[in-house]
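Shared chain: subunit A. Partners: subunit B in the first complex, subunit C in the second.
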Partner chain A sequence: MAKAQATSGAGQGGFRQAQAWLHTWCGLWFSWLLFAVFLTGTLAVFEEPITHWMTPEHHAEEEAALAASTRPTASLGQRLDWGVAYMQKHHAGAGMWELWPADAKGAGELRVFWFDSQRQYVSAELDTASGAPLPAASQPPARLTLGGQHFVDFHYELHAGKVGLWIVGIAALAMLVALVSGVITHRRIFKDFFTFRPRKGQRSWLDAHNAVAVLTLPFQFMIAYTGIVISGLTFMPVGVVTQFGAGMPGAWAFQAALNEPGKPRPSGRPMALPALESFALRGQQLMGQPVRAVVIDHPGDAAARIGVYGWNEDAGAQRRLSATSGLAMFSAATGEVLQLRLPGGVDGGKASLTQSVMAGLHMVAFGGLALKWLYFLCGLAGSAMMATGAILFIVKRRPRHLGEFGGATARVYRLIEAANVAAIAGLGVACIGFLWANRLVPPGLAQRDDWELAMFFGVWALALVHALARPAAAAWKEQLGLLAALCLLLPLLNALTVGDHLGAQLLRGDWESAGVELFVLATGLAAGWSRRWMARGKSIAGSAPRPAASLESEVQA
Partner chain B sequence: MSEWLAGLLSLALAFAGMAALAFAMERHYEQLTGGRNRPPARALRCLGAALLLAALLPCVWGWGATVGCVAWLGFVSAGAIGCVAGINAAPRWAARAAWAFGPGALLALAWVCIAP
Partner chain C sequence: MNHLSTAYPGLRLLSRVGAAVLGGYLLASALGVFSGALFPGDAEAVLAGVQLGFAVHVAAVIWAFSPVALGRVWAGLLLPAAALAALAVLLPRWGA
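And then the complex of A and B:
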């Protein structure tokens, strides 16, 4: 009996132990990269407010545009006629004309797009009072910046194109492995569901790691899985290659088959383009959305096709997981409806719809601000999960070496500790450094946006050098202190360089700028608090230096 | 229903529900009462489950069935995180907050249903 129990226990323990081993190492080696992906991905939720804060010169322009959009301007039909007249006069040979007549309220700018002779997608803006072409913006904006887009791009391709995409994809796969093995390893998942025991060293780190992971588990699974699915065609190219051929021609053919089913071939018989307004109004009625764009394939040909696309800014878009807009296609010659897609629908069948929903789920295109904040919170919890896991690895091994790396164990632990500091506190410093660079790099500098990016990566690299050069406890404290200082001083820097401050932002109702600064201030306070907490913890315990940043600081760093 | 109202109501109900589930466990009931008496576990679990289900209602009203379910999962997670923080920092206050949020949100929900 006793023997039977022992063997069954060992068998169970064996499986659990194998999963624990997998969780530890899979988690550790990917935790730094995943922390960076998660933190920047979390910031990417508020990409637009960050971009708004980083382009202060645009604020006046935006307000003017807002004021202008309330003034009545030319009607939809008039705008479409002007667009067609411009295209007929200047780009009659283009195979596709794309007119963006107005915003969802029928106001705003009037823009036309086409492919030039080099297959480049180009556009022109027309005056909404006369239909005359407006001079193109002759110089790039003074404060050229990637803005919040930096966080979006970094979190899925690390600014390294396809190579970066693959690296992040593999890391996301490793995260799924770590999630499953973590759930199996966690013996008391329900008993410890609400447990957090503060001030207990290793125990507290484990509790924190478990709590943020278990409580937000649905989100963590969803965000990693949908992240992989969005780029599924890159990660699993065989389907497209076997059906459409390899290389760019195959990719083009696939895109054409997916996005342009039933596109007519030009007949060769000329036919004047009919007035577009009636098509636009019918399309509007059929799909139930205001007109965003009218696209004419083969203009001037008898086989011309007119596509009417909808604006997705209605309240209904908040209630749809799939973020596609409505679309109605007409034959220009007969006026018959060739294709109708309702808002939220897709062209490519169930598989396409699934992918569209997964992409919507990942990018929280639905639900408005409340859901954005929810994603932000869950993203911070995910970042905290990576950070606490990486710190737990070292805290567990500090009292006694486990000797995983033979004679080099102490040195490897030292490297891991430095990587923790640089990946967690250092990334925080790099992110806030990016905002500092935005105010410090002089406007008008050539390739200014690259300089900002160089500051981000430069600061991060310096953080790693610093973490390697200093003892771990000192490195934590210094980087957390620097993070706190940079965060708390950012509003001052903004006031000195641009002359804007929280009071003015709140007075003019600029919640985007105020939100960015308030969050940065909160992060600074949290980082400063955890720096002090570390210093005190060390003096009270008198123990060996510990890499013990508080949960909040990593979460918000 | 505005998204903010829906979100707040759902969050309040999720917090109250998670608190009820937590206090149904001996460890956390002890944190609350300081004594060794057993919690009314079954009643608290039923109450907690009911409150979590009730948190789905404002989500479905605010965002429809599909987005509502996604939002509900998120609010349940957020409520649970708030609950863990609250219970371990100040268990009595967490219980009081749950007592205020649960019935308060249910009343508000009933009001929204009845009022046009």
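And then the complex of A and C:
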């Protein structure tokens, strides 16, 4: 067994030993990146509450909007007429008019969208009492921030665009490989699941690693696979290229073949746009959803087409795995129904439906709050699986190093330990540092959101420097201590800078803000407890060396 | 090649990783091209090929790291990939 784990152990020994080798090394090299992707992806589940906490100046506006939305305003037909009148007067030449008349209750704002001469997607808001265009919000928000969107973006493209997307995609494939080889390695997974030997150093880490992984194994497979498939056409474009051509034209042709059967060409014969209300009402009836948007292709032409899209805010949306809304497409000239898509359906066939369901599964667009919490807990378990795996690697090698890197083995172990500290505790510090930055970077500063992001990456980089500079045990203790302090003091910082606190949040029923602070407090307590536990000598660096042979026989990974 | 790789275990490892990553990707891509060619012009078939391709890639990596000789790993991934690609070229001609 020990021999099979030497550097040249790839594809050697029995099938299970070879898979153990693959699980160990594939798991180790990707564990740090995967931990970061998982932890931020888990936080991204609660993107909206985090954004809410990070935009305290916005709370009053949100409440005013909520109060305003319950007041009746102009009818749907009136709102659509105002939208058309605005577009005819100011942007008659646009080839596509997109009107968002109202929210699902028929109230809220009225907005119109179109592509300007530079092919930029632009919009205007119209007054819902007069139809007059409202001046664009000239003031940028007081506290410009990425908010929870930071965690969403980071978890799938690391704020590095296409390059980041590819890196995360490769890591996700490596995760699937590590999961499959891990199941083969720990084949007695159900027995392992009921085994926990606390305070036994290496064995406890192994048991913890098995327990979190086995408990949430279906979730881990699902989230990694759906994550890859969402961007699958980017990762594996050759099928599209051979059938539909290369580059953007090929991608457009593919998309058109997939879900735009028969978009009309302009006929060149002018025809006044008919009143939209009757189309909207018929569409509403056909798809069974209130109107979200009315999209007109080639307005003013005899070939104009009117698409009516639905709001996915009904109770039914929570029970549909596919998050597509309803759509009814009409010919403007004849009123004939060109296409009807029911909520949750797709325009194409089974593969399109699979794609939509996979996206819905990954982004937990269904099931409401209960399922979000389930995803959150499973995501935390996945993060713990990667963290315990990376720690197990080094704990196992503490008593006796296995010489995988020849003469450099001790130095490489040292680097791996530092990477563990910075990737696990350091990322935690960077995430809470991001929230601290939100309260400390002065509102109104130019590119304020970039400063917050710089704090996140800066703190994380410092954590790595610190982990490299200090002995591993000290680095763990110091970074966990810092994490605990920053978490436990965040409510105080909020009270000092913004004047808001848990008591006030609970009194006004602001569960989003209270939820963020309560979770941060819980994290602080957990980090503090881990730090104390390490200080008592039960360190991540493992208990006193024990005979390696007895461990080898039990630990396969 | 064989002589070289027994002398340098690092090269053997590199070759195995290459087979898993590159060979697996080529096989998965070839499957996508083949399923597209099976139903010409059908975007659904192309999409289904992509969705399945990643499972094929994962299986290829698992197999590439099982106790199988290096030459067989490369051949076992590249030959089916080449066969699928060739079929994808030939199918439309036979159909026509």
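Basically, the second predicted complex is superposed on the first by the 517 of 557 C-alpha atoms of A that agree within 3 Å, B and C clash if a C-alpha of one lies under 4 Å from a C-alpha of the other, contacts with A are read in each partner's own complex, and residues count from 1 in each chain.
The criterion applied here is as follows: a contact is a pair of C-beta atoms (placed from the backbone, for glycine too) under 8 Å apart; a residue touches a chain by one contact, two chains touch by 3 or more.
None of the values given here were measured: they were computed from a predicted structure.
In this overlay on subunit A, subunit B fits alongside subunit C without clashing.
When the two structures are aligned on the shared chain, A:R319 is found in touch with subunit B, with no touch to subunit C. Of the two partners subunit B and subunit C, more subunit A residues are in touch with C. By the touch criterion defined above, A:P198 reaches subunit B but does not reach subunit C. When the two structures are aligned on the shared chain, A:V238 is found in touch with subunit C, with no touch to subunit B.
In the superposition on chain A, A:T216 contacts subunit B only, with no contact to subunit C. In the superposed model, subunit B and subunit C sit 90 degrees apart as seen from the Cα centre of subunit A, a figure rounded to the nearest 10. Once the two complexes are overlaid on the shared chain, A:L492 sits clear of subunit B and of subunit C alike. The minimum CA-CA separation between subunit B and subunit C in the overlaid arrangement is 19 Å, rounded to the whole angstrom.
Common to the subunit B and subunit C contact sets on subunit A is no residue at all.
Those residues of subunit A whose C-beta lies close enough to touch subunit B in the complex are 191, 193-198, 211-212, 215-216, 218-219, 318-321, 361, 366-371, 373-375, 377-378, 381. Every residue of subunit C that touches subunit A in the complex is listed here, in rising order: 9-10, 12-13, 16-17, 25, 28-29, 32-33, 35-37, 40-51, 53-55, 57-58, 61-62, 64-68, 70, 73, 88. On the subunit B side of its complex with subunit A, the touching residues are 3-4, 6-7, 18, 21-22, 25, 27-28, 62-64, 66-67, 70-71, 73-75, 77-78, 80-81, 83-85, 87-88. Residue ranges of subunit A in contact with subunit C, taken from their complex: 7-8, 10-15, 17-19, 21-22, 173, 176-177, 180-181, 184, 225, 228-229, 232-233, 235-236, 238-240, 242-244, 254, 257-258, 348-352, 354-355, 358.
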